[in-house]
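Here is the structure we will look at, set down as structure tokens.
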Amino acid sequence: MTKTKDALRQRELTINMGPQHPATHGVLRLVLEIDGETVIKCTPYVGYLHRGTEKLCENRTYLSAMPLMDRLDYISSMANDVGYCVAVERLLGIEPPERAKFIRTMMCEMTRISSHILWLGTHALDIGAMTVFLYSFREREWIMDLFEMVCGARLTVSFPRIGGIRNDVSQEFLDSLYKFAEEFPSRIIEYETLIDQNRIWLQRTKGIGVISAEEAVNWGFTGPTLRGSGVDYDVRKYMPYDAYEQVDFDVPVGKEGDVYDRYRCRMEEMRQSVRIIKQCIEKLPKGPIMTPDAPKFTLPPKDKVLKDMEAMIHHFVMLTKGPLTAPVGEIYSSTEVPKGELGFYIVSDGSGRPYRMRLRSPSFVHVSALPRLCVGSLVADVIANIGTIDVVLGECDR
Amino acid sequence: MNPLSIAQTIQDKFPKEVKEIVEFRKQVSVIIQRDRAKEILAFLYFNKDFNFDYLVDLCGVDYMGQKKPRFEVVYNLFSMKHRHFFRVRVEVDEDTQDAPDNLSVDTVTDIWRGADWHERECFDLFGIRFKGHPDLRRILMPEDWEGYPLRKDYPLKSDLGDMEWQEYKDLIEFSEKAKQYEVR
Amino acid sequence: MKAKDIIKRVLLLEIIQGMALTLKTMFTKAVTRQYPEEPRAAMPGFRGLHALSKDEEGVMKCVGCGLCAAVCPSQCIKIFTAQGLNHEKVVERYEIDTLKCLFCAYCVEACPYGAIALTEHYEYSDYSKESFYMDKDKLLENWDKYMSGDKGNEYFKRFWKPMSIDFNTSEEQAVFKGWDNNK
Amino acid sequence: MIDLIRIHTGDIIFNILIILVKTAVVFGVAMLHVAYATYFERKIIGHMQVRLGPMRVGYHGLLQPIADGVKAFFKEDIIPLNADKPVFIIAPLIAMFATISSLAVIPFFDGFVIADINVGILFLLAMSSLGAYGIVMAGWASNSKFSFLGGLRSSAQVVSYEIAMGLSLVGIMLMAGSLNLTEIVKAQQQYWHGMFLVPQFLAFFIFTVGAFAETNRTPFDLPEAESELVAGYFVEYSGMRFAFFFLAEYVGMIVMSSISVICFWGGWTLPPIIVNTFPFLGEIPGIIIFLLKVYCYLFLFYWVRATLPRYRYDQLMSLGWKVLIPLALLNIVATSLIKFFF
């Protein structure tokens, strides 16, 4: 009997998928044990892109830690930056002005669209529909141009600041963004024509990677990956930041918790994002873009620096030492980035640098649940599952 | 439910363990001792009024030279049903000669599956061991890495010389060798 | 409903729709840009190659206060100052390691004098690492090359002190003016 | 002149000479078409995806296939250390020769066929399944897990789709009453529509699906599914040997298109109804009509590739066994009944 068992055991094959593999979206490594084409064991290995962001943050002022946030989830750098600024603002107890809030919200939703269409493209490419990939890149390029127009960088934007934003938007930008918002829904229909009802797509995604609502919460899923299972949890709704309270939008949820439902959730989210962007542009008030109420935590106006002694000293201190009057305490603040809930746990000891900066990244949690999603399915489904959790390794490894 | 009243309930139920209740910017956390930490967390999970079914985050903090029990393991909890947020901070101390098992906490992976990798990461970066964890290995750092990088006494930048990680040294050596093939 | 679904399935309607879309796209204009022949102009305010600015008389504006070096997140700016003949501070060396730079433009924001700028130039690949190490002369040369004339002044007006403009809101701030006017 | 040669050499040698010349012509022309089939694929898919496709080499990238060929030829030939060397070397040759020898029985226009054998269809089916041996051997010999999986998938796929495809052609055989490809083309001329596509639309559909699967094209490109198996059975191949596989795939596509054109689209002939209405169309050389039809069918290959996602392995199997084979059998029964009663 044992002999037969051993002989059967011989049939298992260990496949090393990644760190270099076309479908693992970065340097994710999965060690799969397969029996025929069925996965019987899956072990993810991460850490190939570990840059020690948390350690680096502890040794930087609040201001100069921000470019590191761009490089976490490099697909949606703007949302990370906003999340970081919101966290620090909550810690310092300051509030950005209305105009800055609306612009940030607008930017966050643009990031959501750009991240979701990149996800859609790569996910569809993994499943074999390669035209969707290039169509989605066409629109992504459009968003990148808009980013460039507003802040001079396309990918690593470093646009928001603690207490506001870096620079004001131009009229040209607002008009072209509105044009984009008007036209983008027709592009979503284009993607859907190619895959939404396609029988091969349905067969590849329906009933794959099913996870129930309770289990998804227990694993700590967030974002569309959780909402696909039918849990109505969105940080934008339950703990609104920036201007999310003042705009009207729905949170799409799925039912089955399979790959297809998560795909539907993201597609609907893009439509909601377009809605939010339009509202933001329409409601955008006039006013300052940097909070004038918190002179201790923000840089002084530039023309004051050379005229006013106090402002000059403050300018120097802020840039070299950080805000020295930061309160002592710790705060957990989360924002809804395209991948899920990005949390910042900041411990402040009153100096200009965070004493401890912890990043709760959604991808990290989602990757940890890959074995749960993959075991028992086929090799082709592993690819669909990696796609569906929308993993970015820069954020996972930090 | 008001987070302060949650903290109060915990203090009433576990008066010995709860050391302090902290409130900062409307976020409430309790600082508790290590020994019955898992019991308290399980209580928060299973109690119908709290129902903290979602472990938002688990991380370690190193208070070297600031506080006596040097480390803290922070559990951020959220309830999907009641929509309230709560934080539990478990104090753990360094290993000493007398108490070689000081720097360890009971795992919560059997309550929240999502805690799995968070605990591994905490072990990887702080050296805090989680008793009963199914697979406590290094996760972000290479498996043969020495030291725990997020501790405050771990240097950010160093001239380790001979103590430098061997594989990195090999890599440098290899790249020096490879230079001869470079096209100029 | 049921019969309709069956007909749809048998006739491969959704596949035919998809194929009609790809066929239709075949006759639209491609979005590809033939890069070296059709270069892409960067938007104003693009954060590209660094330059040290000069005033009207062609003298470097930098006074060597070191704020840019202090705030730089990747610590790629190095400044060495010395004492001049009349006991004034002279910037002896000003060096930027472009390969380390992450183009966050904090240096531009930090500088009280508007002495450093990020130009719109982004095509500067080379074979040697040395050519990316910008010293003072190279940086000043960059200014003449990419930012000379009105362009430099315009740059600082728009991107150097954005906060100062907006602490007291200007009249012509951008707001939504209706969809119909900008179709 | 020809008579002179014939007198001096004798009939047999003369026939061999003619066959050699024909072979050379077919081979050369086919290779040229293969080269430009790759070019058109890249161009067409490029434009379908709002790209331009190759643009650099020559005017609008016209010399791209030649550049590719030169590059593949001069690339370093890597044989993995643990590979089964002889099999590794033979595998691409088998794939290549199996598909190229299929060209021998295809009549390109009236009377131009290298070997006008009476079991043409059977020969084609046999050769196209022989090509699978090359793939399986490549997957095995590379000694790599990814190629091994690709090889396994390919063998399973070819075995199951061969049946459906063969059965779909039985309808044609019944209609034409012959296995000879020239006869089949001629048999279509007795109908007003001039092609078997009309009465045999079901067979045509099954054949098309089968042809996609046989040539490992999207949506059935599982053996080389790039997102799962990187490149499937030819992960370890490079340079010239890789080019052989590449060529084999495209020759396979051309062969499949030719079979389809001959069996369903009326080969080098135009429908009688069109020729009768516009007699001048009858003057067009057969080869041009044939090639046009082949290119239309090739376009279908590209078009589908640009549109559809990829099937999963088990879904592919169930489609083949549970849908296509029953349908093909149904088609045979229906065709025979119609043949019998009318």
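When the chains are written out, they are named A, B, C and D in that same order, and each has its own residue count from 1.
The rule is simple: contacts are C-beta pairs under 8 Å (C-beta built on N, C-alpha and C of every residue); 3 or more make two chains touch, one makes a residue touch a chain.
Everything numeric here is computed off the predicted structure, so don't read it as measured data.
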(message) On a CA-centroid basis, which chain has its centre farthest from subunit D's?
(response) B
(request) Out of every possible chain pairing, name the one holding the most C-beta contact pairs. (result) A-C
(message) Distance between subunit B and subunit D based on Cα centroids, please, to the nearest Å.
(response) 61
(message) Counting only Cα atoms for the centres, state how far subunit A is from subunit C in Å.
(response) 23
(message) Can you compute the centre-to-centre distance for subunit B and subunit C, using the mean CA position of each chain? Integer Å is fine.
(response) 40
(request) Could you tell me which residues belong to subunit A and also touch two or more other chains? (result) 131, 135, 138, 194-195, 198
(message) Touching at least two other chains at once: which residues of subunit D meet that condition?
(response) 48-51, 306-308
(request) Return the residues of subunit C touching two or more other chains; collapse runs of consecutive numbers into ranges. (result) 15, 18, 21-22, 25, 31
(request) Note which residues of subunit A are touching subunit D in the complex, please. (result) 13-15, 21-23, 37, 124-131, 134-135, 138, 194-195, 198, 200-201, 203-204, 378-383
(message) List the residues on subunit A that touch subunit B in their complex, please.
(response) 46-47, 50, 52, 54-56, 59, 90-91, 93, 214-215, 217-221, 231, 233, 238, 327, 329-332, 334, 341, 343, 345, 347, 349, 356, 358, 360, 364-365, 367-369, 372, 397-398
(message) Residue numbers of subunit D touching subunit A in their complex, please.
(response) 48-51, 145-146, 149, 218-219, 221, 225-230, 305-315
(request) Would you tell me which residues of subunit C are touching subunit D in their complex? (result) 15, 18-19, 21-23, 25-32, 34
(request) Mind listing the subunit C positions that touch subunit A in their complex? (result) 9, 14-15, 17-18, 21-22, 25, 31, 42-43, 45-47, 67, 70-74, 102-106, 109-110, 112-113, 118, 158-169, 173-177, 179, 182-183
